[in-house]
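Chain nomenclature is as follows: A, B and C, assigned in order of appearance, with residue numbering initiated at 1 for each chain independently.
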Amino acid sequence: MAHPADMKTDPMVPVLAQITRKHMEIPGVVTFEVEAPGWTGFGPGQFNMLSLFGVGEIAISISGSCHDTDRIVHTIRDVGAVSHALTMLEEGDTMGLRGPFGAPWPVAGAKGRDVIVAAGGLGLAPVRPILYHLLANRGDYGKVTLLYGARRPEEILFEQELGQWRSQLDLDIEVTVDHAAPDWHGHVGVVTTLFPSADFDPDNTTAFLCGPEIMMRFAANALTDAGVGTRDIFLSMERNMQCGIGLCGHCQLGPHFVCKDGPVFDWATMRPLMSVKEL
Amino acid sequence: MAIDGLEKIVGGHALFAGLGDAFLSTVSGCAKNVRFAAGDYLFHEGDDAAALYLIREGHVGLEIAAAGHGRMTFQSAGPQSVVGLSWLVPPYRWTYDARAVKDVRAIALDATCLRRKCDADPALGYEVMKRFMPTIVERLHNTRLQMLDVYGTPS
Amino acid sequence: MTLPVVIDIKALDQLVQTLAKDRQVMGPVRRDGAVVYEEIQGVDDLPRGWIDEQEGGHYRLKREGDKLFGYTVGPSSWKRFLHPPKQTLWRAGGGGITPEPIAEDRFAFLGVRGCELAAIQVQDKVFMDGPYRDPHYAARRENLFIVAVNCTRAGATCFCASMDTGPKVNPGYDIALTEIDGGLLAEVGSDAGGAALAALTSRPATEADLAAAAQGIKDAEGQMGRKLNTDGLADILKDNPDHPRWSVVADACLNCANCTMVCPTCFCTTVDEVSALDSDEVSRENRWASCFTTEFSYVHGGAVRPGAKARYRQWMTHKLGTWWDQFDSSGCTGCGRCITWCPVGIDITEEAAAIRGEGG
């Protein structure tokens, strides 16, 4: 993982990254594989600043495997001007890329413990590197559970991959949707309804949560109610990130620069801040 | 013998865990084992809420239909959960359809029987009510979250 | 350590000329009814004989005496040069990205007050001491020569004494001046400062000169129009996000962002994409931004702080509270600009006292 001190160039200046593969995940969500000069890898949970010249720049988490040091994988949802323009790019096109930035998920700290990964909506993308890591080092961890909530069955991200993972006996995957047509045979309900049947030892569990803030709040509360420690629950926060290096000030959340000190924080740190409205 | 087995099953369900022998015996007097094949309906919207179901195995989808939207599942209920809350309040009528998504084994509690016993013994009534309240409140919270459509694309 | 000396105005002019040989000398000038910082050619450009009258939402210049540095601080601050309102980061065109060359500005600042030197040092921590640096700021900062001035007069919105930043400047200058009758007491703060001073005509300072300077600084301290009790303040602000006072101040606040623009420590920027109309060249620029705007906190779907109350709370809690967590210092140096240049005269010292539960 690149450390700021190793960076020889100005962290505000992007490199040109070339798209080697484009894949439509679900309507409005595209995964790109890109190659960038000078890339030395990333830690799960880190993000890059992606840009299209003349349009703008946005923070996008890395959704690929940190064991894959050549390809950089980003899953982007078309929600704003910049993300829209990015999703319109094709294989062979280039985009501006700087990074990786931010504090990664502390996967090493979860060694020897049960792991719960709970994600909602597009929040599955930033936690996918955790799952790749856990699968690559399966023996180092206890029971591993992925609980995933999506809006509708048609909006389940990485569905094929989820199916492959589900066929593995050492990984428990539960998917729920907010509403569905009757041909859906899976769970219907919010992601927290999956917690009671999840199998984990609360005294020896690390949880990684990613999704809309309100979903993470309820999920973190459900986990603490089940006995998981507030320092063993990690969340990935989203704020307006413009520089990615803690200098522009936009992403402040209480004393923290989300881009530099986060985006991954523990629940003990976030709980008091997330209970304040409009902080 | 059959009753003993039923009491064990009722007491083994999360809703009535730790209820106490006397109450359990009273409640179990209203209970019977039921099975639904995948695709069968437990009940339909508008029907009298004549029974409630403690799910033991399988999944039940709670569905509602609206013109232009077709049928939609808004909640699924799996093992250890309860299907049917409308039996608690007049006019005791279902407001949605409940359909077995997978083969379901459940305990059906006769609603009239259970209401009568609760009315006759307020202590039992209070105990039963306390056990239903968390499910009611949780459904309300979850519905609120679903209503926020948190995974939707902001307009 | 070099002993203090006394120089006259002519020698000060000579200092400006010497510094100007390989630097841009920036100093106070009177422009559009205010004292602002611009490039100066010599002592004649200084607002000699002008002082300022300041209050919440009020600033007027008037003639009084014949001091060079009788004014206190005006609407502009030195951050305009070190951390300019617009900084190009790179340009792209013809398929390549060209980083903006690292700034080669060599500035000398004349007339940096205690609160202002402290503000520069606060921004040093922001832009140079973290895991990432702003290379343009760092380059300008490393080339900077500072001629500080100890205040011998304070304004009604000044409270540097509460913030331990003045009226006597803390170390970090090259030369510090104190205006006394018959000249300027000059103290050396660096080797470069010592060398520059040694080249000037001067006389050794007498006990009387030192006493006069000390008295002037003491007078200024007594004239501070505002006070801020900083004792436990950071925690008080952080622990009171729902204090009713935030709503009171939000009702008055116009969200004009003046306070953040005049503040010498406010550092936030927005990264802007700029397309040239006459070519395919695009560039990216950092521009000053303000947490008082709703788009400042925008994430897809809306602003994190849509309410004026939340935005004022963010600014003040950051400035006086969470700044300590981030940079181990206060973000306020007591210059009073945010009070003077607030169109409705919102007073950070009064608001802090109110949240503390005093007066207000």
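By our rule, a residue touches a chain if its C-beta (ideal position, glycine included) is under 8 Å from a C-beta of that chain, and two chains touch if they have at least 3 such contacts.
All values derive from a computational prediction rather than experimental measurement.
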Looking only at C-beta pairs that count as contacts, which pair of chains has more of them, A-C or A-B? A-C
Chain closest to the assembly centre - both centres taken as Cα means: A
Chain centres from averaged Cα atoms put subunit B and subunit C apart, in whole Å, by 67
Inter-chain centre distance, subunit A versus subunit C - centres from mean C-alpha coordinates, in Å: 40
Subunit A-subunit B separation of Cα centroids, rounded to whole Å: 36
When you check subunit A against every other chain, which residues touch at least two of them? 79
Of all residues in subunit C, which are in touch with two or more distinct other chains? 300-301
Would you mind listing the residues of subunit B that make contact with two or more other chains? 154
Please name which positions on subunit C make contact with subunit A in the complex. 89-90, 92, 96-97, 99, 126-127, 130-132, 134-135, 238, 241-242, 267-271, 273, 275, 282, 284, 286, 289, 291, 296-301, 304-307, 309-310, 314, 318, 321-322, 325-326
So in the complex, the part of subunit A that touches subunit C is made up of which residues? 4-5, 9-16, 51, 53-57, 79-80, 83, 96, 238-240, 242-243, 245-250, 252, 254-255, 257, 260, 276-279
Within their complex, state which residues of subunit A touch subunit B. 28, 77, 79, 120-122, 149-151, 155, 176, 178-182, 184-190, 192-193, 196-197, 211-212, 214-215, 218
In their shared complex, at which residues does subunit B touch subunit A? 59, 61-63, 70-76, 78-80, 99, 101-102, 142, 145-146, 148-154
